[in-house]
Structure formats: C-alpha cells, structure tokens
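Next come two complexes built around chain A: one with chain B, the other with chain C.
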Partner chain A sequence: MTSLPKLHRFNSTSLEHEWRTFRIAAWLGWQVESNWTVPIVFFIYAILRPISTALILLLMYIVIAGNHRGEYFDYLYISNALYLIVMQSIANMSWTVLEDREHYRMLKYIYTAPVSLFAYLIGRAVARLSIGISTSVLLLTVGALWMGLHLSLLSVQWGWLVTYFALGIPVLLSFGIVIAGLALVITRNGEFMGEIIASMLLLVCSVYFPPDILPVILRKLSLAMPVTYWLEGMRRALAGGLLRYSAAMGGRPISPRLALYSNSDLAMILACFSVVGVTISFFFYRWIEGVAKARGMIDRITGF
Partner chain B sequence: MSQSPLAIKTDNVGRIYKKKAAKRVSRASSPDSSRQLVALDGVTLEVEKGELFGLLGPNGAGKTTLIKVLTTLLTPSFGSAEVLGYDVVREPKAIRERINMVSGGETSGYGILTVKENLWMFSQFYGVPTKEAHRRSDELLARLELTGMKDTRVSGLSTGERQRMNFCRGFITDPEVLFLDEPTLGLDVHIARVTREFTREWMRKNPERTVLLTTHYMAEADELCDRIAIIDKGRVLACDTPENLKRMLQAQPVFQIRAGGLSESGIDGIRSTTGVIGLTQEFDLETSHHSLNLILQEESVISDVVGAIGAAGGKLVGLEKHEPTLEDVFVKLVGRSLKEDVTE
Partner chain C sequence: MRSISPVRLFFKTVHARAVPRMIGMKREPSWIFLEILVPLVNTTAFVYLYRALHAPEAYVGFVILGSVLSAYWMNVVWAMAMQLHWEKKEGMLQLYVLSPSSLMAILVGMSYGGIVMASWRAALTLIVGLLLFNVHFATDQLPLVFLVFGVTLIALYGLGMTLSSLFIRWGREPWHLALAFHEPAFFLTGMNFPLSALFASVPGVISLISALLPISFGLDALRQLLLPGTIVGVFPPMTELWLIAGLAVLFLTTSYISLKFMERQARVEGTLALRLS
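Let's look at the complex of A and B:
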C-alpha cells in the first residue's frame, strides 16, 4: 500500500474538516434511521404512529370539549405536531451516544479518529431531525385536511415561521448535546434519560398546558425554558396570529403571559437563548467529555 | 511538541480506577486502597519509530489500559505519555490524526452498512480521498479474503469476518502508529497467519511505520515483535528483544517432564523442591499424563525433581531438556503460565 505524504490528508482547514465530519455523520445517521427495518415497519413507526397519537388527541378533545374545534384545539394540535421535532432533537442525540458505544461498539473508534465528536453528534442528529420535521409537516397536513385544524397556507406567517424555526433549532440541538454529554457519563439506564427529559418538557413547555395554568414553580420553570418561546412563536406563525379561547369564553389569549410578548420579542428571546444555549452546550460538552475520558467511560459497555 | 524520534514514550505512567464500595461494607471500615484498582503502575517505555513492539501479559495485566491511554481514550492518573512526541493529555488531536487502533475479539461495526461502506466512512473521517480509499479498501479486503463480502451488510458477517473487517479499518487510514490490541483473538489459524504476514509486510514497505501489539499468544509475539515488554499487574517486568529475553534463562536449564499418577499435592511438592524456579503443568486427558515444564536453578536439581516425583507416587514417562522459550521467560517473571491464565 502506498503511503500518503505525511499529513497530506489533513491539509484542509479545521472548518473544512468539521464540515466533512458533519456530512459523513449525517450520511451515517440517515443510513441508520432509514435502513434499520423493512419499509413497512418504518412506515408504521414514522408515519402511522404519530398519526395515531394525533387521533387519540382529537378523540380526547372531542370527549372533553365536544365537536367544536376552537383555537384551543389548534393550540394543542400544533404543539403536539411540533413537539415531535423537540423530541427528535433532544431525546435522540443521547440515544446516538448509547447506540454507538454499546450496540455498534464504535464510539471508541470514532473518538480516537481525528473528528470532533460535537460535529459528529450534530451530524447524526440531522437525520432524526429531518424525520421529526417531515412527520410534523405530515401531521399538520393531515390535521388541516381531515381533523378540523384551522391551518391555511395563505394565513401562515412564513417570514416568522422561518425566523422562529432557524432560531429554535440551535437551541434544541444544544439541549440534545447537553443530554448526550450526560449519556457519556451515565453507566446504566442512560437510554431512558433523553425520553425522561423530553417528557418533562412536554409538561412544562406549554405543549398542552399554557404556563398560566401551571403551579407557580412549574410556571417559572416554563418561562425559563426556550422551548416554551419556540413553540409559542411557531404556533403563532402557523396559525397566522395569537391563539385565543372562543368568544364564549371571553376570547382572551390561551396564554396571557406569553401574549405579552410581540413576535419580535419572541424572536429576540430565542436569539438570546440560541447564543447562550450553543455556548453553554459547547463548553459543557467539552467538560463532560473530559470527565468521561478521565473515568474511562468512552468505551464502557454497561449492559445496554 | 517536543523533538522526539520516538514513536511512543511513557514515563512512569499510571492509571488507577476507583471502585464503588460494596453496599454492605461501610465506607468508614473500608480502607481507601481497597476501593482502588491499579490498572497501570508506573510504566516507562520507549518505542522507536519503525518498531513492531509487543506487550505480553495475562488478562488484567494493564495492556489494554496502556493502549487506551496512548490512543487518548483514557486519561492517565499519573505520569506522562507521548505518541510521536505529542502529549496524550495536552495534544490528543495531533495524535488522533496519526494513529489508528484495532481491538480483537469484538463485534464492532455499523450493522446496517456494508463492509465497503464501513471502511469508506472511516477513511473519510481521516480525510483520505475517496478514490484512494476505494483502492486501499479493495486491496485490504483481498488480502484478508473478504472481497466476496464487500457488499454484505456487517450484520450479516460472522464474528471472525467482522474482526477481519475491523483489521482492514485499522490499516485503511495508513497510520503512522497502529495499535493492535489482541488482533488475532478468535481468528482461525489461517487468517491469523495472514494478518501477521500482512502486518509485517505493511511495516517493511515504510520503515517509519510503528505497531504496538498486545497479545496472549507467545508464538505470535515471538514471530512478529522486534521487542517485547512483559507486563503483569500494571508493571513492566522485562523489556527486550525476544532473543535477549530468552537469553535471560540461558544459565537456568529448562526441562520438560511427562509423568503419570501425579496428584495436585504431588505437583505442589515438586514445585517446592529447592532449586525449582518455575513450574507449569498441563494434563493430557488421553494418556492421563501430566506434562511439567520446569525452570531450574541448575542442572543438578533435576535429580531432586525426579526423586520428588517418585515420593509423590508418580511415574516418570519422559524427560527432555529444551531451549528456553518466551513462555519459560514469562513463567519465570510472572510466576505462572500465560496458558493457565487464558484457560482461567
């Protein structure tokens, strides 16, 4: 085998190298996500399952509120659809760490390769994020066509939608990175951690319950969470404005607390959270990777 | 980076794991030392560029821990280690660009990817151009007799085939220093020989390439390595060429004795005979004979040994003197046979 000239292969800049790592990791992520089973099972898992969940939500709504679909239904339905993106971003990055370390047993080879694990994890998350986004779009379409969701392409505030989406994704990925870092140092039951945290967010991040109706401590927690603002902004952009209870119930905003913020305020809050989140997650991950390395946990098999 | 012609240099490097205290043992009653596991205990080694260096030791000796430290997977608890002059703690990135690692006896690999995809993907992490990566991959797969499996998903490979693919993964990036951790563990005899031949050939083609090999197999270490460090309980007991290590026993004769009717207590009696430095045993189920390998202080001790066999009720079947092997050196230094350790 002919040897390459010394370090010829690393004459690319650091940024180019990170970009290559990201691309390869995204390719691997897509292979893992799309080829893990036969197409019919993938179809059931990726499409039928979330639609079934939406149907359950619809049924529960009809039992409680009757057949009238007010804006509160839109609030619940849109939140539920968007939450899939939150779930895929947050819960699944830690799953990647565990899967690579304990199932494929490749994390140590990735780690000892000249790649940034940070770029690798984000690359791997892209495939799952794409599946989350596609499923959300599908759910919103199904909702608008058959479930009485008030959603029209003409009323969507596209500019805000793109803005909130672009500002929110870094925040969600930062969350995912922090939890993936924790997964590196957790020896047992780490596979549940991502889902536990994502489920907690379901409760406090205004997915089903606006902050206003939560107990004081949870309300404070809710208002400290970037996901709360991201969901609010995305809901407004998709619904074409602030969601309100029906006129019979006073027509007040579903979340008066969040209604205090204008679209620009929400975008500014999300921008701040993005900067802070990315910075914190970067440094936190570097620190916790050092802890994992010091404890010898990068390649530890814990009975996954 | 310091100016160093060495491929690997460790200076009193050590690694201590903290063990969790057992629930029933109160922390107060448990001394600190009982909650610590010393995996590496002050290892000092120097490996020149172009060397094929072997680490020989029983399970738990610290071989893999040392590899983990050198490949930047694990932080040392004390001491320092350098690879190609780069410090493993301060300059891990520079090291990772120049090394690769293969661990044997593993079923690692992305099962959903084909063999060729797995190799290609890794080559990309190291920045090898795609065309070159495919050329190398084809060459390696042919040498390791995996060409027919290149489009097979890794999940469809046997353990041995996965190991061969993993071996190819280690070479595809053409590292300056390659760490082979028990690379032939679980491979059949033919493929193990192919991997050994390939490793030697790969090193001959570029005298700058360095391999650090850990192995259980004496013959493999003897055949492949330019120098060997015998390691046990985290410490290097001896480090030299295989010939020089064997020369350590030149003044001490090595005998092989076959005897029938020996009990374990009888063998213990032989072991405690004055002048016996080392004794290892194997039992042949077919003939019901024990085969004893003895390292003696001097040749005259053999008569006392034969007397001890008679006193233990044994019957001498055969006796021959042979040239010392690495196994004998290992027994002398560690106090037990590597084969016994593997069997355990």
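Let's look at the complex of A and C:
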C-alpha cells in the first residue's frame, strides 16, 4: 500500500500542529494589518495615532504645569505608551473574530479546516501585539529625545522590566481571548465591545492618573484589575523607581496606594493573575466556542 | 410617468436619505447608549487627568465641550466620509447614480440625518457631563453661541461631503484612513486643550491644517463664549465665526466639484462599482 504524503501533516504532534497554526496566523495577521498600503504609509499610519495622543497629553500637561516636566509627566507619558500594548492585545482580539466572520467571511472556513482556532487567535493577536510593542518603544524613544521624558537606558531596571513584561503579556492575552470568545456569541454591537473595554481600562487602570483620585467604587475596581499593577510595575521599571510629585508638592508618591506594594509584591500579584487568567480564559473559550457551534453562530452574518 | 420638479425631487431625496438614519436610532436604541458610553468614559478620563494636574475647574468645561463636538466629528468621519464607500460595497451606489435624483441631494440627506443622529449623542454627553461634573456655562451670548455652532456644523458636514467623494475611490484604505482621522484630528482641533496652546507650540503648517478643520475655530469660539475669562482664544469669536463661514463656502464648493467628478467617473469610465477589498 502506498503512503499518502499529502496527509503527513495530520500525523504531526499536537504541539507542532498548534505551532504551525500560530505561525501562519501571525503572518496572516501581519498581512491583514499592513498590506493595504506601501510600507512607508503603513509606518506613518501606525505611529500617527499614538504620536497624536502623546501630543494631546503633552499639551494638556503644558497648559497646566508649564514647560517644566515633572515626574507626573513621566507617569503620564510612560502609561500612555504602554496602554498601546494593552489596547492592541485586549481590545483588538474581538475585532479579529468580527472581521473574519463579518467582513472577510472566513471564520467558517477556519473552523472547518484542521486547525485550532485558539492557536489561530493567539497568532493573530501576536501580530497586533508586535505592532503595539514596537509603537510603544518608538513612542518612548520620541518622548525621551524630544518631549522631555526622563528616560535613560542606564536607569531602567531591566530585570524588573523583563519580569513584569513576561508576567503581564499572558494576562493581557487572556483578557483578549475572553473578549474574542464573547464576540463569537454576541450578535449586536460587537464592534463596540473592544472600544468599550479599552475606554473602561483607560479610566480605571491608572493610565492617565493614579487610582487614588477616583471615587471609591472605581478605585476598588481599579485595584482589582491586573492592568493597574502591570502598568505600575512597568512604569517603575522604566523610570528606575517609584514616581513622585515634586518636592514643592511634598514629594509624595504619585499613587500612595500603589506605593504600598514593593516590586516583589507587584510581581507576585501579576504572577497570580497570569495563572488564573490563562486558566480561566482557556476553559471559558472552549466552553463558549461550544455554545457558538451548538447554536450555529460561527458563520452568522449579523451585518453589524 | 408623473413628472416632478427638480426642486421637489431634491428635497424628497434629502428627506428619503435622512429618514433611515432617524428611524435607525429608534429601531436600535442600544446604539445611542453605546455611542454615549464610550465618549463619556473617555471624557471622564480626561476630566480626572486635569483634576490630577490640579487644573482650574474651567478645564472640565473645555473637555466636555470638546466631547460634544467630537460627536459630530465622529459622525462626519464614519457616517459621511465612509458612507458612500459602504454603499458601494453593499451595491447601493450604482442605484443612486442610475436614479433621477442628484447625488448632492443624497449627501445633503445623509448630512441632515447625521446631524440629528449626532445631536442625540452630543446632547446626552453634554447633559450627563454637566450633571456629573457640575460645570456651569455662561448663557448671556446664547444667540451667538447657536450661530457659531450652526455655521460650524455646515462647514463640518461640507467637509464630510467632500471626503465621501474622495474615500469612494479607494479599496481597503478608507477604513484605516477613517481610524487615522481620530486622534490626529483631536490634537489638531484642540479637543481637550485650548487651541491657542496648539498655535503657540507647533509650526505654521500644522496651525494652517488645524485652521482648515472647522471644529478648531468653532470649538475655540464656543469656549470663549460659554466660559468667558477662562481662555485666551486664537481670535475673537466674531473673527472665528467669519473664518468658519469661509470654510463652509469652501467645503460646500469642493464637495460639489468632487461629486461631479465622481459622477463623471461613474457614467463615463464605469469604474465606480469596482469593489476592491
């Protein structure tokens, strides 16, 4: 009996299979994001929005605080740069599902193909995430060179930076997977979901201001969100320590509440969130995918 | 077939294109809720940022006014500039071109319906913002406020009509272009800070681009009128009103020219129905 060479991929191990799906999805994600125009236009497009947001924040800061850049400016600028990564990984994952289902109408084919949708979504997310990370790095560089951000390669706490980054990314992707799962079953207004979540995170996750100034309910919500701790850890690592108001304003930490946590505490909190987040997102996604299949929602075109 | 005068046909078309937008809001009230929630949360974030910077309370009013006008900007970008592109994808554009009504009437109808749609969002954002943050506006120059507001909307929707004729020529680009019109436009129009701060700190070319966006001077004039004494405007409100009126004339003219160009392309070259996605 002759062998069937074309079917050899089905004999590969599950891990190899997932890796192949992930790799191709990441490549596809990159193509979808970038090949609608020439590279230079895509580059300008990719940085135009983040740079504009940074300039808005810079001018808001200048009209109140003048031309002196205190540590609050560092807080604001670094948070804004990192928030891009949060947005790309969390808010845009649901968009991948909606885009594939409604616009390209490919989701049903991906389902019927012998690939894991979980690996596919992670691959697509990684493409967006890589754009988010490179834009953040660029924004920080521009800030340090031209906008008065106090950022020096010598003062960055590289060990903590790598630790927080490695612990935070699984949390962000877990969030994204949960939202992508919800996008599978939501029929109306799915396109708003990512935007709403991004806006809520902007408000409650100490991006532009510390959680201390929020009303009690929002403050509690802020302290229950892993993104709050991730941003705090990343800010400290990039700025080389805890950020404080100027001596004229008492020199107290910008967030006295978050200052209660040491670097190790923050890392421990993020590690716990990572384990819980990855576990919950995996099982939640499997469950909700089953619901979507059972109800025939995979190839539904809602027109929203 | 019963004949109809061109003027009557124009206004019937305007009405016919505006009605689906108004009916759509009643059919899907969740849109109103969601369209208010997102900007309100963003507005709240900027309000808290000013509070964290210990800014005077008038800046809260600046942010809320910016949020109100951003409702119209978003409507212009997504429901005007993008609309003909979507109509093309749905196969409706050919029918518009073939029908005896004018494309200008269709765009005016889209604008009229869009203004009604966006006004819901703007009004609710204003009310909720005023109640949540206890902002007080001066009301002694209300007639001028409404005049500035009205002229700003005419100029803004004129710009939207021009953009809709341009966006239609592209395939996948308009989506990204529309997204790229968010934050850069918020920056250039001084949506969250006084416009004079922008004009004082950027090169002249950027100030010129800013001046070409009707919201810039519209918002600056409204802030001077509603929050007097708290802001140094780029120009006095009356001067800014004349500048916006000039923009209104400019954009209505450009929209007419670009629409004629698009119609020619549709009828002579037959390329309008090409779908590139």
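As a convention for this text, the second predicted complex is superposed on the first by the 291 of 304 C-alpha atoms of A that agree within 3 Å, B and C clash if a C-alpha of one lies under 4 Å from a C-alpha of the other, contacts with A are read in each partner's own complex, and residues count from 1 in each chain.
Please note the rule applied: contacts are C-beta pairs under 8 Å (C-beta built on N, C-alpha and C of every residue); 3 or more make two chains touch, one makes a residue touch a chain.
Everything quoted here is computed from the prediction, not taken from an experiment.
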| item | value |
| --- | --- |
| Chain C versus chain B on the shared chain A, clash or fit after superposition | fit |
| Partner chain in contact with A:293 - chain B first, chain C second, else both or neither | first |
| Which of chain B and chain C A:28 touches, first, second, both or neither | first |
| Touching partner for A:142 - first (chain B), second (chain C), both, neither | neither |
| Which of chain B and chain C A:243 touches, first, second, both or neither | neither |
| Touched partner set for A:36, first chain B, second chain C, both or neither | both |
| Which of chain B and chain C A:17 touches, first, second, both or neither | first |
| Partner chain(s) touched by A:112 [first = chain B, second = chain C, both, neither] | first |
| Chain A-centred angle between chain C and chain B, computed on Cα centres after superposition, in steps of 10 ° | 80 |
| Shortest span in Å between Cα atoms of chain B and of chain C, once chain A is used as the common reference | 5 |
| Overlapping contact positions on chain A, where the chain C interface meets the chain B interface | 36 |
| Residues of chain A defined as touching chain B within the complex | 1, 3-4, 6-7, 9-10, 12, 17, 20-21, 24, 27-28, 31-32, 35-36, 104-106, 108-115, 290, 293-294, 296, 298-299 |
| Chain C - residues contacting chain A, complex | 28, 30-31, 34, 37-38, 41-42, 44-46, 48-55, 59, 171-173, 176, 179-180, 182-184, 186-187, 190-194, 197-198, 201, 277 |
| Residue ranges of chain B in contact with chain A within the complex | 17, 68, 71-75, 93, 96-101, 103, 106-113, 117, 121-122, 124-129, 132, 136, 139-140, 169, 171, 174, 176, 202, 205-206, 209 |
| Touching residues (chain side chain A, partner chain C) in the complex | 36-37, 45, 48-50, 52-53, 55-57, 59-65, 72, 76, 103, 188-189, 192, 195-196, 199-200, 202-203, 207-210, 213-214 |
